[in-house]
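Shared chain: subunit A. Partners: subunit B in the first complex, subunit C in the second.
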Partner chain A sequence: MDIYIGIDVGSVSTNVVAMDQNDHIIFKEYTRTNGQPLESVKKGLKLLEEDLKRIFYTVKGVGTTGSGRQLAGILVGADIVKNEITAHATATVNFHPTVNTILEIGGQDSKIIIIQDKMVVDFAMNTVCAAGTGSFLDHQSERLGVPIQDFGGLALTAKKDVRIAGRCTVFAESDMIAKQQYGFSKAEIIKGLCDALVRNYINNLGRGKALKAPYVFQGGVAANKGIKAAFERELGCEIIIPKYYNVMGAIGAAILAKEYIEVSGEETKFRGFGAAELAFKPRSFECEDCANCCEVIKVELNGKTVAIWGDKCGKWANSVTG
Partner chain B sequence: MKVSFPYMGCVTGYKKVFETLGHEVVMPQKPTQKTIDLGVKYSPEFICFPFKVIMGTYIEAVQAGANVIVASGGNGPCRAGLYGEIHQKILKSMGHDVKFIVFDSMFRDFGLFYDNLKKIKNKIPIIKVLKNLWLSYQIICRMDEIEKEIKVLRAYEQKRGDFNRVWLEIQRMYDGCWTQKDIDKVTEQARKMLQEVPLKKVEEEEKIRIGIVGEIYVIMESSTNMDIEQTLNSMGIEVESVQYISDWVKHNIQPNFIGGSKSHQVIHKAKRFVKMNLGGHDMENIGWMVDFKERGFDAVVHLMPFGCLPELITQSAIPTISQELDLPILSLSLDEQNGTANNRTRIEAFVDLVRNKKRGGSVQKKEVKEPEYTDKVPEELAG
Partner chain C sequence: MRIGLPRALLYHYYYPLWKSLFEQLGVEIVISDITSKQLVQEGVKVTVPEICLPIKIFNGHIINLLSKEVDYIFIPRFIGVESGKWFCPKFIGLPELADYTIDGVKSKILTVDIQGKKESTCEWTNYRPLCEALQVTPKELKKALKTAERVWQHFRDCCKQGFTIEEAEKMCSEDMRGSERTAHHTHDITLGVLGYVYNVYDPFVSMDIIKKLHGMNVRVITFEMLDEKRIHEKFKRKSKNLYWTFTDKIYGAAVELMENHQIDGLIHITAFGCGPDSIVGKMMELDSEKFKKPFMTIRVDEHTGESHLLTRIEAFVDMIKRQKISERRRELA
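Take a look at the complex of A and B:
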């Protein structure tokens, strides 16, 4: 069987998927990045290798995406390195060809992607702060002592509405504390929080855009039933949550890798599952050759420098060839 | 007096102005991280980003011995019109007693303009001053033209960095011009140097052109805009920016009634979207967007310092403009934050969108022909 691997290294989670030539997902793994993107990619690859022992396969292509896409791309030897907006859109269009609006909320950023005839025509990413994202919910679930898995479900049990400011996490938090002291229940506060987050998302990202159904909601936060319900209330229609909602970026990367390989006819640059064992050392240093003090990132593989980036003048980047 | 000025646009030309007037010039340095850090430290927290960077430039210039700073003023509600006064105040509170000469438009107050001119003209007869100014203006015009060309050609360079090297050399060559004859000779040589750089062959229908509009300082100074032009060029995209000092001078000296400069003309094109100018270049920028569309550009990138009032107005008009003109527009807010990952993602996704639109293909079919930027990992600006 020919397989294509997609890796999405985000701020909160690192996801690895494997897809066969017919775009069927045969493996998916969602792990927490925990501030160690490379370790989590290695871990994901090991799990994938274990899982694949049950079949005969050849890895035909690999794609990476997410904010850690470059480093992960070098580690595994990716055929394509793609931004997460294109990757998400590719995956969603593949499963839901009629989609018009993609709502994506991840760990540290949220995006809205407008699709027409399977084509991205507009998009927006959160600009000012992380108020509408997964890490904020994570933090609040911890503060309220409600595990994040139960967070959304609890919101659905609320009987009353509570209005919480959603523009900024600092305001939201002080609002929540104030409402708590008034005697509102945890469920009501969480519901208020979900509403605030959605309101903020629509105001901030949807500003000036004509939002049209069908809506597809994905990213880690799509697991949260409270947010889904809040979106449905706000948009006044049903929201589709794709089956693989939390690994859509990785799936998109796998699809893009497949298309790239199919069209170019190239062999994959995948380093093999042995990549997990390679002595792969990224390090950064401050270049002191001029007052720019660029933070240069240098990646060594088995003692050999394979990539350098981050310098404004290109002196370091150009020193690596091939 | 030891003169310095903001680092913005064609500094070789300004240097020439003061040198021909017999002043010692303390050449301002291209803003670095250190400049920005200095500027941020001594500026009010909520002031615009260009103010902070220029503050840093002045501090460095003063530390290098400058005692007179020549800057431009401005009119309308944009804060830039008062930069000079506040910069001077801050420098004074730091213990640097620096003289500021701020030039406003000569049409607003010719007396003041002439007084300022007298302050810097160094007892040189006015006719000679005008001749010197004309020479410097010629240098600026030629250099701006060449820079414009580079931003197109650099998209197709075979070896990364070729054009940047040539450009540095050309800047040095113009620095040594003292007569019109020198300028002509250097220009000819510069053109030859540009022609000698090997280029990739790209089909006409595959070429992508993006126009850059926005606040003048962040457009002109690459260290404040994450080097957006270079970034786009390295993705194989031609770039044209709307702000050049030569155009700005033309805009401010060529009176409206004799045809007016191009930037006067584009303002008329903005009238279908906004009725009046609200300060800064908001109306001009909207006009440029229309102009880019008319000239067949594929997309526009709009740059603004975070919280810039005039550009916030442009920004809020963008959804309508984009829809009515069927023109993709990406608006980026810039600040001292130097993590580029977020904006990098936006730019890459935007470029995907634009290429896609041009090809009229589906999301699926798009990047296979673009291995030059999809598979090469260490892009210059990635850090």
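Take a look at the complex of A and C:
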């Protein structure tokens, strides 16, 4: 069997998927990045290797995406390294060809992608404001003492509406405490929080965009039934949650790798599963050669520098040969 | 005598002019360092927080020049270079702004009022105060201005052939003729990059967006590469006239590029805290919907991360390239 591997390294989660030549997903793994992108990629690859022992296979291509895409790309020997917007859109269109709007909410960031005839025509990203992301919910679940897994289900049982000011996490928090004191139930507060997050998301990312059904909602937060319901109330129609909602970026990377290999006819640059054992050493240092004080990231393999980035002037990046 | 030129604001547009002018008048010019994180921080520290980022950066450059033992720092007051339009109020109050913000600069400020009808600013009355400060006669000044104006026109002509400001400056200083070189390499798509010269050409603010785009095989068109006369025609047809000279130029360029079928999309670069851009940015956004041109705004502040910016640019370029490929496929089918 020919397989394609997709890896999505984000600040919160690292996802690895394997796909066969017919775009069927044969493996998926969602792990926490915990600030160690390389370790989590290695772990994901190990699990994949174990899993693949049950079949005969050849790895034909590998793609990486997410904020750690460059680093992961070097580690595994990726054929393509793509930004998150392109990767997510590619995966969604593959499963839901008629999609017009992709709503994506992850742990630390969120995006909206507008699609027409399977093509990205507009997008917006938010990485600054936590009030439109999963970390907002994580935070409030801790405060309320309700595990995040139960959050969505509980929201659906609310009997009354309560409006919580959700412009920013700080306001939301104080408003939430106030509303609790007024005697609203936990379920109602949670529903209010879901509505606040969705309002925020639509105001920040959807502003000035033509939002049209069909909507596909993906990213880690798509598991939350309360948020899904809040979106449906806000947008006035049904929202689709794809089967692999939390690994769509990785699937997109795999599809893009496959496309690339098919078009170019090249052999994959995949280093093999042994790569997980290779002693990659990433380190960062502050360059002091000029007033920019760049945070330069340098990756070494067996004492040899294989990649450098982060320098504004390019003098470090250019020093790496082949 | 040593005169400092802050590498900020309209420096990027008028440098060839000022260089020629001052050198003819026997002055040594000292340019502040290229904008760096540290330089920006120095500026941010002393400037009122509410003001736009380019002014904070400008102040950083003044501080930088103070350490370079200059006799004067040239801070012109730009009021107007065409009738019926003015500069953003921050330019009109620039000498005072620097004076009240930065200790020890007052005695070094060398200023002139730029208020006339020529974009080259070369009416001699504009620069008359230089006679006293530099001990030159009006005749000498007039003569130097004439030459400087020619140099600057040559620089502008190079820009209009499609060269970036950096390339055009180099061509002028090396005295290469534009026709000897061509501005364009191969490219997959063409994007308009709109924004003030001090945003687009400042490596800190724009994070070298033009170089990044060139690296992605994108041809870049900026407002100063366009023919002003044609833009002027556009002005008459625009839905709205803007009072600020450069804001108006950028909007004119936007309208021109939106109608041009060779342009695949537009990127607007704006700095945090800019008043005029909050208006023109919205107007461009509305127009882009009307003309169905992909449009993206990049708003930069002193904390903007490079990787986030790169992701957005990459995604924007990818989106347009992939659309083009599928269009071509459809045409073939």
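Heads up, the rule we're going with is that the second predicted complex is superposed on the first by the 320 of 322 C-alpha atoms of A that agree within 3 Å, B and C clash if a C-alpha of one lies under 4 Å from a C-alpha of the other, contacts with A are read in each partner's own complex, and residues count from 1 in each chain.
One rule holds for everything that comes next: a contact is a pair of C-beta atoms (placed from the backbone, for glycine too) under 8 Å apart; a residue touches a chain by one contact, two chains touch by 3 or more.
None of these values were measured; they are calculated from a predicted model.
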Joint occupancy of subunit A by subunit B and subunit C, clash or fit: clash
Please indicate which partner A:Asp161 is in contact with in the superposed arrangement: first for subunit B, second for subunit C, both, or neither. neither
Quick check on the superposed pair: does A:Phe123 touch subunit B, subunit C, both, or neither? Answer first, second, both or neither. both
Name the chain, either subunit B or subunit C, that contacts more residues of subunit A. B
Touched partner set for A:Ala317, first subunit B, second subunit C, both or neither: first
Examine A:Val296 and indicate which partner it touches, taking first as subunit B and second as subunit C; both and neither are also allowed. first
With both complexes superposed on chain A, which partner does A:Glu238 reach: first (subunit B), second (subunit C), both or neither? neither
First (subunit B), second (subunit C), both or neither touched by A:Ile85: both
For A:Ile74, decide between first (touching subunit B), second (touching subunit C), both and neither. first
Shared subunit A surface residues [contacts with subunit B and with subunit C]: 67, 82-86, 118-123, 125, 127, 208, 290-293, 310, 312
Residues of subunit C touching subunit A in their complex? 33, 36-39, 203, 207-208, 285, 294, 305-308, 311-312, 314-316, 318-319, 322-323, 326
Under the definition above, what is the set of subunit A residues touching subunit C in their complex? 67, 82-86, 118-123, 125, 127, 208, 290-293, 310, 312
Residue ranges of subunit B in contact with subunit A within the complex: 29, 32-35, 160-161, 164, 223, 227, 316, 318-320, 322, 328, 333, 341-342, 344-346, 348-350, 352-353, 356-357, 361-369, 371, 374-375, 377-383
Under the touch definition given earlier, write down the residues of subunit A that touch subunit B in their complex. 67, 70, 73-74, 78-86, 89-90, 93-94, 109, 115, 117-123, 125, 127, 207-209, 255-256, 259-260, 263-264, 269, 284, 290-297, 307-312, 314, 317-318, 320
